[in-house]
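I've put the structures underneath this note.
Each of the two complexes below includes chain A, the first together with chain B, the second together with chain C.
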Partner chain A sequence: MMNKHEHLLEIQKVQFALVDLNLFLDTHPESEGAKKDFAALSSELKRLIWDYEKKYGPLTNFGSAYFQNPDAWINSPWPWENEKGGKR
Partner chain B sequence: MLRGKDQKKEYKDEFKDIKEELEDLMDEFKNKKNYKDNMMVSCKSSKGTCSQGKKSNCLEDCLNDPAKYSCNVFCKDTDENCYESYKLFNPPIYAKAHIQVQPYKNFFNLDDAIIAGTIFKDLYDPYCNSGYVGGKRSYDE
Partner chain C sequence: MWYYVKTLQHPVNLKSTDLRMAKLLITQYGGPDGELSAALRYLNQRYSMPTNKSKALLTDIGTEEMAHVEIIATMVHQIMENASIDEIKKAGLDGHYADHGKALFYTDATGNPWTATYIQAKGDIIADLHEDMNAEQKARVTYEWLMNLTDDAQIKEILGFLREREVVHYQRFGEALMDVQDNTKARDFDIL
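Up next, the complex of A and B:
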């Protein structure tokens, strides 16, 4: 079971891999392996974000976040409440 | 202030200067045009151009000896140019880059990728040992 920080880190790892795959696909759009991995990681990222937002509140505020847990919105630390390197 | 004869002489001298300058420019232009015309030969009739041999041979020749005449000739029909005669292509080509196709293989795991800054080990390895990512032993090695 991941804690909040580990969960966030996991999202960052998958997001990073997706950014790199995105760059690769810009120059190799025909690569079947890269397309397959991109699709798989995209689903993985959606699942991770969904789980995170359900537990800890929204990651973004652009209308796409899970909004059935409004308590978590105000319980999350404000940016100025974060310690250096992120609150754990 | 100049008046009468003096002013006329002044205008005349000025005109002479402008005329000489224009003549120089015209000569320069003619030289450039002649050069281009000479180079813009019909390559089919020109000795030593690519159209006389196979284009694949030509590429090899030009890679070995880029200074060869046939590698620098400017044909009216650019298809007749040697592959490497980029110096005189029309429209001009200022540079060429060769980028090797990156293979989709040899990946970091997700934990190491975010530290290494790439998912591809081959992009990291020329600079750092991919067995040690971020100064720590990699999960895979």
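Up next, the complex of A and C:
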């Protein structure tokens, strides 16, 4: 069972692989291997985000998250904030 | 349109105040070869691109560059937020503090504000893709100079990640250029 931090890190890993694959597919749309990886990782990302948002709140805005929770959107930590708060 | 995603593209958790590096890293936020320049250059050039591959690539790389703007901003914010007034004065950031407090601002490493003269859109795919490849190389070198200027392993690791992305983007832009050279003729683009 992943904790919140591990779960987010797993999402970040898959997100990054998909960014890189998307750029590759922009110039190699015929690549069968890349298309297969892109499809498989896209499903994995959806599953990871579904589980995360259900537990901790939306990761994206304007109604595009799987689960709406305006309070969690506002109050869950923002990406530029240091993990332990790091405040004065 | 765009959606915001509440994650960084690469984790940043810097705990130590490092105003010397904050002052230098800001150039990849608002300097000539920084991430803002890259994002605005690509997202602006795409409208006059004649091939579908180049439209897709400029949209996607331009979007990734916005995520890099956020990574640099996060680094500078985290290594500046807990600084004392005394530390700010000693680091020579008192000028920045007078104008911006501990906020970020789009400047280069010596405080010059971002300007649209850093970027160009020529309306010609050959000229524009060459500019983009050149921009990626200049950004790659900037990351190398910044890595030379710090011993902080965490900062170096993040800069190394961003440096690698410049190499990948350069490769992809080169492929888009090859596609134009191999598969199109001047008359396809209304060039007389």
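Following the convention adopted for this analysis, the second predicted complex is superposed on the first by the 68 of 88 C-alpha atoms of A that agree within 3 Å, B and C clash if a C-alpha of one lies under 4 Å from a C-alpha of the other, contacts with A are read in each partner's own complex, and residues count from 1 in each chain.
Here is the rule we use: contacts are C-beta pairs under 8 Å (C-beta built on N, C-alpha and C of every residue); 3 or more make two chains touch, one makes a residue touch a chain.
All values derive from a computational prediction rather than experimental measurement.
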Exercise for the section: Name the contact category of A:21: first (chain B only), second (chain C only), both, or neither. Expected result: first
Exercise for the section: Could you tell me if A:76 is touching chain B, chain C, both of them or neither one (first, second, both, neither)? Expected result: second
Exercise for the section: For A:13, decide between first (touching chain B), second (touching chain C), both and neither. Expected result: first
Practice task
Pick one for A:38: touches chain B only (first), chain C only (second), both, or neither.
Solution key: neither
Problem - Dominant toucher of chain A (residue count), chain B or chain C - result: C
Handout entry: Touched partner set for A:66, first chain B, second chain C, both or neither
Key = neither
Exercise for the section: Scan A:56 for contacts with chain B and chain C and give back first, second, both or neither. Expected result: neither
Practice task
Share the list of chain A residues that count as touching for chain B in one structure and for chain C in the other.
Solution key: 12, 16, 20, 24, 27-28
Exercise for the section: Can you check the complex and tell me which residues of chain B touch chain A? Expected result: 101-102, 104, 110-111, 113-114, 118-120
Problem - In the complex with chain B, residue positions of chain A that touch it - result: 12-14, 16-17, 20-21, 24, 27-28, 31, 33-34
Problem - Contact footprint of chain A on chain C as seen in their complex - result: 3-15, 53, 56-57, 60-61, 64, 67, 70, 73-74, 77-78, 81-82, 168-169, 172, 175-176, 179
Completion exercise
Seen from chain A, its contact residues with chain C in the complex are 8-9, 11-12, 15-16, 19-20, 22-24, 26-29, 58-62, 64, 73, 76, 78-80, 82-84, 86-88
